[in-house]
Amino acid sequence: MNITVKYFGVLAELTQCMEETIVFTKSTVIELLEVVYQKHPTLNGKNFKVALNNELVDMGTIVSEVEVALLPPFSGG
Amino acid sequence: MNITVKYFGVLAELTQCMEETIVFTKSTVIELLEVVYQKHPTLNGKNFKVALNNELVDMGTIVSEVEVALLPPFSGG
Amino acid sequence: MKTLIRMKNNKKKSVFIDGAISSAFIADSIAKHQTKTSIGAHNIFLGQVRADEVNGKKVSAIEYTTYEEMANKKFHEIREATFEKYNLTCMHIYHSIGNVNAGEICLFVFVSATRRKEVFPAIEFVVNEIKAQVPIFGKEVFEDESHQWKSNT
Amino acid sequence: MKTLIRMKNNKKKSVFIDGAISSAFIADSIAKHQTKTSIGAHNIFLGQVRADEVNGKKVSAIEYTTYEEMANKKFHEIREATFEKYNLTCMHIYHSIGNVNAGEICLFVFVSATRRKEVFPAIEFVVNEIKAQVPIFGKEVFEDESHQWKSNT
């Protein structure tokens, strides 16, 4: 399926991309991230969390949403 | 000695007086209050504290200051 | 106006303000801190006069009086104790004297620090100390002009 | 302006404000509460951008971005949780998006209650939840236009 991957903060800076479509044939978040790392080696070793449907999820979660957000450490306030 | 007694809040209302001079020949706060109660029977049973030199004092304290303040419960803020 | 004159004469800032504390005064106080760029967090407490109902009568205003000399001493002690306990950049206290209508502001406490952790316990400490230590007396005036004396609990 | 348009379209208040939060905006928010005469205590937290020095360079501004959809959901959850935990009359949260210069205000949290005891723990809870839960990202821009990414600790 087609996944829209969104990058925020330092991640958008590193990938020079705020949003892109990735064709994804596997199932879990970690498998999606493997594709992402291959496209954007600069993300390797960076600290971030993944949100599906506006909630943080862990690496083993099945990618059921078409929109996935990669979120660096929060720094509001 | 001549003591200036100051009344605040409800006490000023009850005595109809904000400040008066009392000729005082004894020594402690409780002895001063006996004179005050005699002048102002309406103060009997009222809840208040006494300040000398801007500090609360207890009944046995020697009246060393010429200004004594009678303070009802605080209600600032 | 009395406040301004008092400030000039004493060469120190007065805590007392005649009547209600306006939102414009609060805004001005906030704006003055924008040059202090080591500050990361402000906390402001505002006391507002409630239109409490007592035996079917509504409070329309509180009239505040004070034993000013002792009050100023106590405010000074509270200031010192707060700076001793908490790592603050600055602190301001203003309290109304005279008439403050229901819905208007009678107490304005403002603390600022580099980090937010300092401001939360500091503001609570200052407000509680003011209520407990400072000889200020509030007369609650009802709509029918009768009144009762307020007491902090 | 963007904020106003968004408010009208969505028929609900937005948390996000473009650029710094002005003291006039804060004053206006305070003044609007004077008709709510069951309120006795307000507590306001303001986050201000610090001109921190890092390796001899000074922060001149923070540029905030957000994942707005998730942020709005999290703000809503924080609101619900706060009203659940504390007996508040009302609560407002505003956070800057875009550029905020050092000394300017980027976060404005406003809680009000009948009694003061409620507002102190409530304001701390809200501020800490915002910092921990809401996807907002601050880029600290230095005077020489280099930058670093901020991280809440």
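For reference, chains read A, B, C and D in written order, and residue numbers begin at 1 within each chain.
As a working rule, a residue touches a chain if its C-beta (ideal position, glycine included) is under 8 Å from a C-beta of that chain, and two chains touch if they have at least 3 such contacts.
Everything quoted here is computed from the prediction, not taken from an experiment.
S.K.: Identify the chains in contact with chain A as well as chain C, in label order.
M.R.: Touching chain A and chain C alike, sorted by label: D.
S.K.: Tell me which chain's centre, taken as the mean of its C-alpha atoms, is farthest from chain C.
M.R.: Measuring from the centre of chain C, the most distant chain centre belongs to A.
S.K.: I'd like to verify one number: the distance from the centre of chain A to the centre of chain B, where each centre is the average of its C-alpha atoms, in whole angstrom.
M.R.: Result: the chain centres lie 74 Å from each other.
S.K.: If you average the CA atoms of chain C and of chain D, how many Å lie between those two points?
M.R.: Centre separation, chain C to chain D: 24 Å.
S.K.: Report the inter-chain centroid distance for chain B and chain C in whole angstrom, where each centroid is the mean of the CA atoms.
M.R.: Spacing between the chain centres: roughly 27 Å.
S.K.: Going by the contact rule already set, what residues in chain A reach two or more other chains?
M.R.: Within chain A, residues 77 contact more than one other chain.
S.K.: Going by the contact rule already set, what residues in chain D reach two or more other chains?
M.R.: 47, 116, 127
S.K.: Enumerate the contact residues on chain C facing chain B in the complex.
M.R.: Of all residues in chain C, those touching chain B are 47, 64-67, 69-70, 73-74, 95, 106-107, 127, 130-139, 149-152.
S.K.: Give the list of chain B residues in touch with chain C in this complex.
M.R.: Contacts found on chain B: 6, 8-10, 12, 51, 54-55, 69, 71-77.
S.K.: Under the touch definition given earlier, write down the residues of chain C that touch chain D in their complex.
M.R.: 23-24, 26-28, 30-31, 33-51, 102-105, 112, 114, 116, 119-120, 123-124, 127
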